[in-house]
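Two complexes are shown next, each including chain A; its partner changes from chain B in the first to chain C in the second.
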Partner chain A sequence: MLAELMLSALLLLVTYWFIVTRRLSSAVSAYSVQSWLLGLVALALYVDTRLIGLLLFGLLIVSVKGILIPRLLRNRVAFALVAGRETSYYVRFPTALLIGAGLSLVGLLAATRLAFQPQLLPQSVLGISLAVFLLGLFTTIARRDAILQVTGLLAAENGLLLLSLVVAPGLSLLIEVAIVLDVLIAVLVMGFLVARMRDAVAGTDTSELTRLRG
Partner chain B sequence: MIDPALLLVMLATPLLGGISSALVRSDRVRYALVVPTCLVTLALALTLIARILATGPVSAFANWLYLDDLDAVVLLVVVVVSTLAGAYSIAYFRSDAQGHVLRPGELRKYFGLFHLFTFTMVLATVSGNLILLWTGVTATTFAAAPLVDFYGSHEPLEAAWKFLVLAVAGELIALLGFLLLYEAGIASLGSAYNFSIPVMEQAGPHLTASLGAIAFLMVLVGFGAKAGLAPMHTWLPDAHSQAPAPVCAMLSGAELNCAMLAIVRVLSLVTPANKARAGGLHEALLAFGLLSMAVGVVFLISQRNFKRLLAYSSVEQMGLIAAGFGIGAPVAAVGALLQMITHSLAKSLMFFNSGNLLLRFRTTTISEVRGAIRVAPASAILVIAGALAIAGAPPFGLFISEFTIIRGALLNHAWAVGAGIAALLMVAFLALMEPFNRMVFGQGRGEPLPARAELGLGVLAPGYILLAAVLVLGVWIPGPLHSMLVGASQVVDR
Partner chain C sequence: MLAAAVGQLIAVAVVIALSPLLRGVIENLKAKVQSRRGSSPLQPYYDLYKLLGKQRSRTPHGSALSVAAPYIVFATPIAFAMLIPVLSAAPLSWAFMADMVGSGFVIGIGGFFTNLAAMDSGSPYGGLGSSRSRFVSSLAEPTFIVVFFAVGFISGGTVPFVVNDALFTSSSHIVPSHALIAAAFLMVILAEAGRLPIDNPNSSQELSMIESSRLYEFSGPDLALFEWGGFMKLFVLLIVWLNVLVFPLGLAGAINVPAFAVAVASLAGKMLVAAILLVGIESALAKIRIMRVPEYLGGSFVLAFLGLALYTVGH
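Moving on, here comes the complex of A and B:
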């Protein structure tokens, strides 16, 4: 159980990377690392329990989210990733870090208040998953760059998949497949729109997208 | 034994339609595929609805698919709207809409995604497994966002991006809700159970009440963004002002209802366990509903673009539907369900009208459209009649459904809610009628009108069919529809 807890804590730590980094390609790497850690949590759980579903889930996460999606992102939006960084921000770095710490605390505390039946993973991992979820959503809101917004959403989604491991390791594999497929399609559509931004705003800064009002 | 097959074929038809539309080379084949695909889906949906009315809910594949009266209401809306929107799309693109010369491959993208959009909405209505329900509602976004971006310049891209980011963020919040809902069932159903509508309905009062309540609030906030509830509605006017008119009809007429279906479904599942405590869940839905109505009405006033005007009307109407369910009285629930149907018909009609005005006047600015009645009488009659319908004037269907919701509020002794809804509807009526009246009958400042020329039958017929339907519903609710609404209201208020 210690291994899973350590991996989850590491996963939360990696999520701060999204808040700190300004380099777009570094956010994609952060997502890849975060997904690998999530996959490893599932695989460690498999080693403890020998539930075949967890093995498949872990492999699915590592292959789709750890390898395939980062590669897709790198291919589709290569034009933006080359030395691309976010130049202007809504929230400055120290403030963002403080808000991030606050949100982590909210997630960890909220988990202790839920009427929760411990399954394989302890309640602290539930708190971590909620914290990761909140940090991901916060990154999406706080960032101006389209790619950082996408990786924020993807990070939040990893938090929810960790939560699904806590809440329902028995939740059918088909359901996990449905969720992961959904993310894959989301990335394809988002990649398509981000690629379109190259023509429209010559970059991926969404603060240029302010023509529609009223 | 026949039902699982019917369900599968109904799902497969638009999916295959989409795939083949994306694969075939000739645009003529693509056009020819649209109406048959939609009609087969429509016929299968009607058959299934008839079977539900005769023998009760249908369930298949270990509850992965499930269809009851509540689903049936939304399924009916989805298939009717998508069939007419499909037929309208053909005529619309043939009429060279927005002065837009179609590039090669654009119709391939449009009709491929159009059928997939229908598929995802049908999936949302027939899913029995709750994660599949989430997947269906979520997938609608991925089909719809590239359609919003169809015209492919700066503004459509901006609208599609806002829509996508807000909707996906909302969907993740909703997924958190569904996972907590699963946790709410573990105490009584064990750690690995069939996470489906019928199983959760049976477990009803034994779900963990507090988790169920939080789950509902998460789904309400998350899918509320997709259903157009304020303050998460901001994508809606942008997307509706930029998307092609038939896509707007699909978004407002069908997709918003799918998100609302998921919200109401979760509410119905967690209500029994939360009956004992003071609840507050219906009140939350009611509060979001009234806020959306107020926000929608405020933005209706002094709106300069008629597609945005219709979009804010959708915010207001979805707010009314949410409020109808939130009142927590069976009569109000029947009203809200009927409102789902009447609003979808009338709003699709109005978005077809917006497309027709665009075809004739080449603008979406209200002040630039004048004297439509003299330019194209048959289209103008449709515009003004549709405006009366969407504003809720008798004898159109919306008058009946809105009246029923208010009656439900009063029967429940929620005097202030009933009066508030009535007042907001009154203001909305004026704010909607005034600009459409100007566009149809206005004299303008003497600038020359476009030459008198009627639009083709292809873009007018779908509108006249919708107008007839919404008029019929204003004077007569057919027996099967009535029993479907009552059955659905019993699902909602368990």
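Moving on, here comes the complex of A and C:
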């Protein structure tokens, strides 16, 4: 139980990486590390419970979200990563950090108010998963750069998967495969959209998208 | 009673004697990482010896503050060392003079007088360094306070000796919060002691320096006391980190010669590990721009805050 708790706390910590990072490539690395941690939580849970579904789930997460999607992202948006550009927020960095701290508190507190008893994982992991979800959504909203918005959305999705581990550890593998494949397709589509955007406005800064065309 | 007093004296003597060595080892290892031969680990001792032998020269514009400040800076880490578990796990006679908040104040006095003395000389660099160091310290303060809150909350006390006992005997669900708090504390220690992501202890470059600009107007024995006080400050803060928050094993259980000998040896070992960790951090990170210091310290605040929040929620 301790290993899962520790890994989840690390997962929350890594999510802050999305908030503080200035470089696109490090956001992709953060996503990779976050997915690895998520997979490791599932694997640690498998060691505790011996549910074969968890083992497959963990391996699926690590292989698809930890290795395949980061590679795909790097390929798709290589033009932006090579530049090593620094990106900005709609808010200032320290403000973003404080908002992030507030959001994780909201997530953690909300988990204690839910009338729900987790079966395998401790209550705080439920809170962590909500916090990760909120932080991911915040990054999606507050970042100017399209690629960072994509990684923020993916981070939020990892929070949801952690939530699924807390709520229903033995979820049918078919559903999990479907979810992960869904994400893979989403990344492909979003990568395509980002590339299109680069062609249209010569950049990935969404604050430049000011005109609506039919 | 007498034994406890002697034990305390030994702890203080260890702090005074070994702190320059820590600095020397860090510099030496750092040079090795950069493929240089590096100066001997004993170099800080030679430097201190040379400075202590020099003639004292003081600015004629300074007041009594500049005369007193070096002694105060030298004395505060020593007072601090009496309040924390340097060698023994059992509280010694003066350990209850102040808790963690109080000892934070004690260690703060040194920085306060360094700032006053730096401005007292009237040199523009002194004012610059003072203002920058206040900037860093005031931003480090929230993290310190939250760390103290958190450990006080978890262990039911803020006396360092009580804390290190409580943190390692309570249930396992505090482990994540404990790790976060320890990480946050290390970050503020690096900032407070003027180590790399915030201030480069080796450079005296106008644009970036914080600590060295405060000491510009001091020379000879005065400078030696400032330097030595700085070595001791890093040393005692690392002791708090190691012995209270991270690895409280190897401390002497009783006050006798073999137990203390083992404690000194284990402290030296832990310090070596800490030195390697610091070298790793300082070789991997560049000094951050002064305007980004709030982000670094804001990050440490968030870590400590999350540690506290996780503990409260899991409880």
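To be clear about the criterion, the second predicted complex is superposed on the first by the 207 of 214 C-alpha atoms of A that agree within 3 Å, B and C clash if a C-alpha of one lies under 4 Å from a C-alpha of the other, contacts with A are read in each partner's own complex, and residues count from 1 in each chain.
One rule holds in what follows: a contact is a pair of C-beta atoms (placed from the backbone, for glycine too) under 8 Å apart; a residue touches a chain by one contact, two chains touch by 3 or more.
Since the structure is predicted, the reported quantities are computational estimates derived from the model, not experimental observations.
Trainee: Superpose on chain A as described above, then tell me if chain B and chain C fit or clash.
Mentor: fit
Trainee: Figure out whether A:Q123 sits in contact with chain B (first) or chain C (second), or with both, or with neither.
Mentor: second
Trainee: Is it chain B or chain C that touches the larger share of residues in chain A?
Mentor: Looking at chain A, the partner in contact with more of its residues is B.
Trainee: Just chain B (first), just chain C (second), both, or neither: which does A:L114 touch?
Mentor: After superposing on A, A:L114 lies in contact with chain B but is clear of chain C.
Trainee: Rounding in steps of 10 degrees, give the angle chain B-chain A-chain C taken between C-alpha centres.
Mentor: One gets 150 degrees for this angle.
Trainee: Give me, in Å and rounded to a whole number, the least C-alpha distance separating chain B from chain C in the superposition.
Mentor: 19
Trainee: Where on chain A does chain C make contact in their complex?
Mentor: Its residues touching chain C are 1-2, 5-6, 8-9, 12-13, 16, 20, 93-94, 97-98, 100-101, 104-105, 108-109, 111-112, 122-124, 127-128.
Trainee: Tell me, which parts of chain B touch chain A in their complex?
Mentor: Answer in residue numbers: 129, 131-132, 135, 138-139, 142, 145-146, 149, 152-155, 157-162, 164-165, 168-169, 172-173, 175-176, 179-180, 182-183, 186-187, 191-192, 195, 208, 210-211, 214, 237-238, 241-242, 299, 303-305, 308.
Trainee: Under the stated contact criterion, what part of chain A meets chain B in this complex?
Mentor: Against chain B, the touching part of chain A is residues 114-117, 119, 133, 136-137, 140, 146, 149, 153, 156-157, 160, 163-164, 167-172, 175, 178-179, 181-182, 185-186, 188-190, 192-193, 196-197, 200-201, 206, 209-212, 214.
Trainee: In their shared complex, at which residues does chain C touch chain A?
Mentor: Those residues of chain C that touch chain A are 172-173, 175-177, 179-180, 294-295, 298-299, 301-303, 305-306, 309-310, 312-314.
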